[in-house]
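Okay, here's the structure, questions in a sec.
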Amino acid sequence: MIETPVIMVNYKTYSQSIGESGLELTKKIENAAEASWLVCPQPVDIRTIKEKTNIPVFSQHIDAVKPGSNTGHLLIDAMVDAGVEGTLINHSENRLKLSEIDEIVTMCKEKGLTTVICANNPATSAAAAALKPDFVAYEPPELIGGDISVSTAKPEVVREAVERVKAVDPDVKVLCGAGVKNGKDVKKALELGTEGVLLASGLVKSDDVEGVIRDLESSL
Amino acid sequence: MIETPVIMVNYKTYSQSIGESGLELTKKIENAAEASWLVCPQPVDIRTIKEKTNIPVFSQHIDAVKPGSNTGHLLIDAMVDAGVEGTLINHSENRLKLSEIDEIVTMCKEKGLTTVICANNPATSAAAAALKPDFVAYEPPELIGGDISVSTAKPEVVREAVERVKAVDPDVKVLCGAGVKNGKDVKKALELGTEGVLLASGLVKSDDVEGVIRDLESSL
Amino acid sequence: MIETPVIMVNYKTYSQSIGESGLELTKKIENAAEASWLVCPQPVDIRTIKEKTNIPVFSQHIDAVKPGSNTGHLLIDAMVDAGVEGTLINHSENRLKLSEIDEIVTMCKEKGLTTVICANNPATSAAAAALKPDFVAYEPPELIGGDISVSTAKPEVVREAVERVKAVDPDVKVLCGAGVKNGKDVKKALELGTEGVLLASGLVKSDDVEGVIRDLESSL
Amino acid sequence: MIETPVIMVNYKTYSQSIGESGLELTKKIENAAEASWLVCPQPVDIRTIKEKTNIPVFSQHIDAVKPGSNTGHLLIDAMVDAGVEGTLINHSENRLKLSEIDEIVTMCKEKGLTTVICANNPATSAAAAALKPDFVAYEPPELIGGDISVSTAKPEVVREAVERVKAVDPDVKVLCGAGVKNGKDVKKALELGTEGVLLASGLVKSDDVEGVIRDLESSL
């Protein structure tokens, strides 16, 4: 079970997160972090990062397929074997069909994986909540990778996302993401009713990973 | 505003619904039907059917695009110009991304079109309801085109779909579909809490369209 | 059989091409055009334009489906019934899987429709030619809708596309498109070995449709 | 450079190919194989199999993305870092858009990876050849995972695929696959002009992997 507040770091397909670099990055997080953190490495790096660090590892995506004749897919059984504890689902950079999101959530529950459905606005956040994942992560796509945090740029929309999710299912926890870079962003996000943040470039592409980690933690 | 109970007929891409045949089919429905009916013709036939009959016409699908540089898409403005009053969204044979479904619902509200989001199970029906469409149509894909009606084969699941939709938003009306062929199927569907049915082959491919219509109506 | 050189006008989903506006536009082309022209209207307008004008009508897209249980698709049989003589396939705004392109070409041959596969560079143009369509239309996506014609901006690439297509199959005719706006653009395109052009905004969104048509024709 | 004749083993998402099982399977191939073999493991297993065996490793798929903001994709740079020497592209279970296949081939050439485009019939095989990959693998989808080998069931179609590929580009090597299970199948495939086979369940799901390997090799 993932403790909250949580900071989820999406390694995306950044050069800075491949192979040895991704492992070093994870070790820096492991050494500096005291709160609840987790990382989402690239598929080829999941096993190594899981073996060589103690940070919980999530997949960035899982395909809605079962063991069998599928080529080039990310199979949940292989992810479980590699040690992941959960997965992002429906990230803005990998949007899925409604029925697929539901299938993946169902598969994850069967396998005991924690689910984080990403959603692009309060309406889709509420829809995601109806599928009963562990988390819904509201991320306005236009702020992803940018300089202004969602919690600063759209506080009222974050609050609305939290309210709409909780109205559908109060057990679903809400995260927010997009532009999150420092402790102030996280503090604001928590004040708005979220239980954590999803971030990527703000940490992964930083020249001072340890500094960013300490700053992020300072707000928890 | 579509009156309920309603019988929605999806013309799909059946040979029996193309051009002159589709127009004849619609005239038969127009002549025999007394209750609230509507039809979803193929795109090339929408304008003619709208002009030559009085049955409300829905589109089978609308693409999440705006006027501009898009090729081969179904534009909402063109559909409105052709006279449609609403559209199916996310039919099992044309599943969409969660964010697209939301975009299409939003576009339809701006244009005054009635929205019917199709969903494959109670969980996705609840998710669809969170997007605030006019209708959610629960259709288990394995029964579509078959001989046993959803209301006969899965009464408890229909009831669950109704309950989960209403728990999310009591204003959203629920339909069911798949295998619906006769008045008994419709009667059962209404008893389970739905406000109408979505049907296709049971009527379109029937040798006795008028007979099927009368039988369907007998139950309302 | 489409005569060449040909000018194909893609109506896309422009507001200027919907319903009555699309019909007026087509009548202007019909009245002003003397050479070989054809138009690709929006699906809901195909039947009316076909009935009320004499310009050959193509579809912007056809789905790789057969008559039966498909919802929201563009069925070739319905297109044939509506009077289309051919179709664009794989436009940059509607890219298809390789196997789908092949399926659609095969279906079109069975139904006697003329096929125009769009391709984004010389390599994919050559690949398209291997599927034995009637035409391959090379359109660099970055110039689509812009102010500079492909034949002006990339003459050597147009020539390379022609060469690579002809090397694979000398019977396949080559068109080019993107940014085509006037007679000079067309003249240049023909000099580079193409047998016509595909254009859209340069004509459809023009304030002087008749003027553009005359200018385009002046070069043939 | 991959020597031919070659036997490519696609591990798909079979339970038998996950983690330790996939490693054991690869070691069996390594120990028993004398000819040119290569394996396509699941993404999470690529790094381990590469590190612990000497069999060349290919990816089952690579996404057409560059380093940066992409979530849940298979990045070529990460694959190269993990040690893959090539990749399957456009497998029947993971069909791609024509333009994506071209993008991936181009990316692979830049990175020095060997490319194997899969194709479902002679026409798409010829189209694939026009993109100048190292290999085209013809696999009729209806025979994949079945009991009858493509080389037995459709010898004339295999020959046609070889001819059409070579007519487009004689430098492109042809493989065939689907239902390949034993040495006789391979021998037949080579007689028909291919330079190897792609196989999956016939080996991966076999109770006697070593026996299958020896039998496959006996024909080379």
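First chain written, first letter: the chains are A, B, C and D, and each begins at residue 1.
By our rule, contacts are C-beta pairs under 8 Å (C-beta built on N, C-alpha and C of every residue); 3 or more make two chains touch, one makes a residue touch a chain.
The model shown is predicted, which means the values in this text are computed figures rather than measured ones.
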Practice task
Would you mind telling me which chain pair, A-D or C-D, is linked by more contacting C-beta pairs?
Solution key: A-D
Practice task
For copies chain B and chain C, work out whether under half or over half of the interface numbers are shared, and give different or same accordingly.
Solution key: same
Handout entry: Separation of mean Cα positions, chain D and chain C [Å, integer]
Key = 36
Practice task
Could you tell me the distance, in whole angstrom, between the mean C-alpha positions of chain A and chain D?
Solution key: 33
Handout entry: Where chain D touches two or more other chains at once, by residue number
Key = 92
Exercise for the section: Using the contact definition from the top, classify how the chains connect: line, ring, star, complete or other. Expected result: ring
Fill in the blank from the handout: Per the touch criterion, the pairs are A-B, A-D, B-C, C-D
Practice task
Using the touch rule from the top, collect the residues of chain C that touch chain B in their complex.
Solution key: 10, 12-15, 18-19, 40, 42-48, 59-61, 65-75, 77-79, 81-82, 88, 91-94, 144-145, 200-201
Fill in the blank from the handout: As the complex stands, chain B meets chain A at residues 90, 92, 95-102, 106, 119-121, 123-124, 126-132, 164, 168
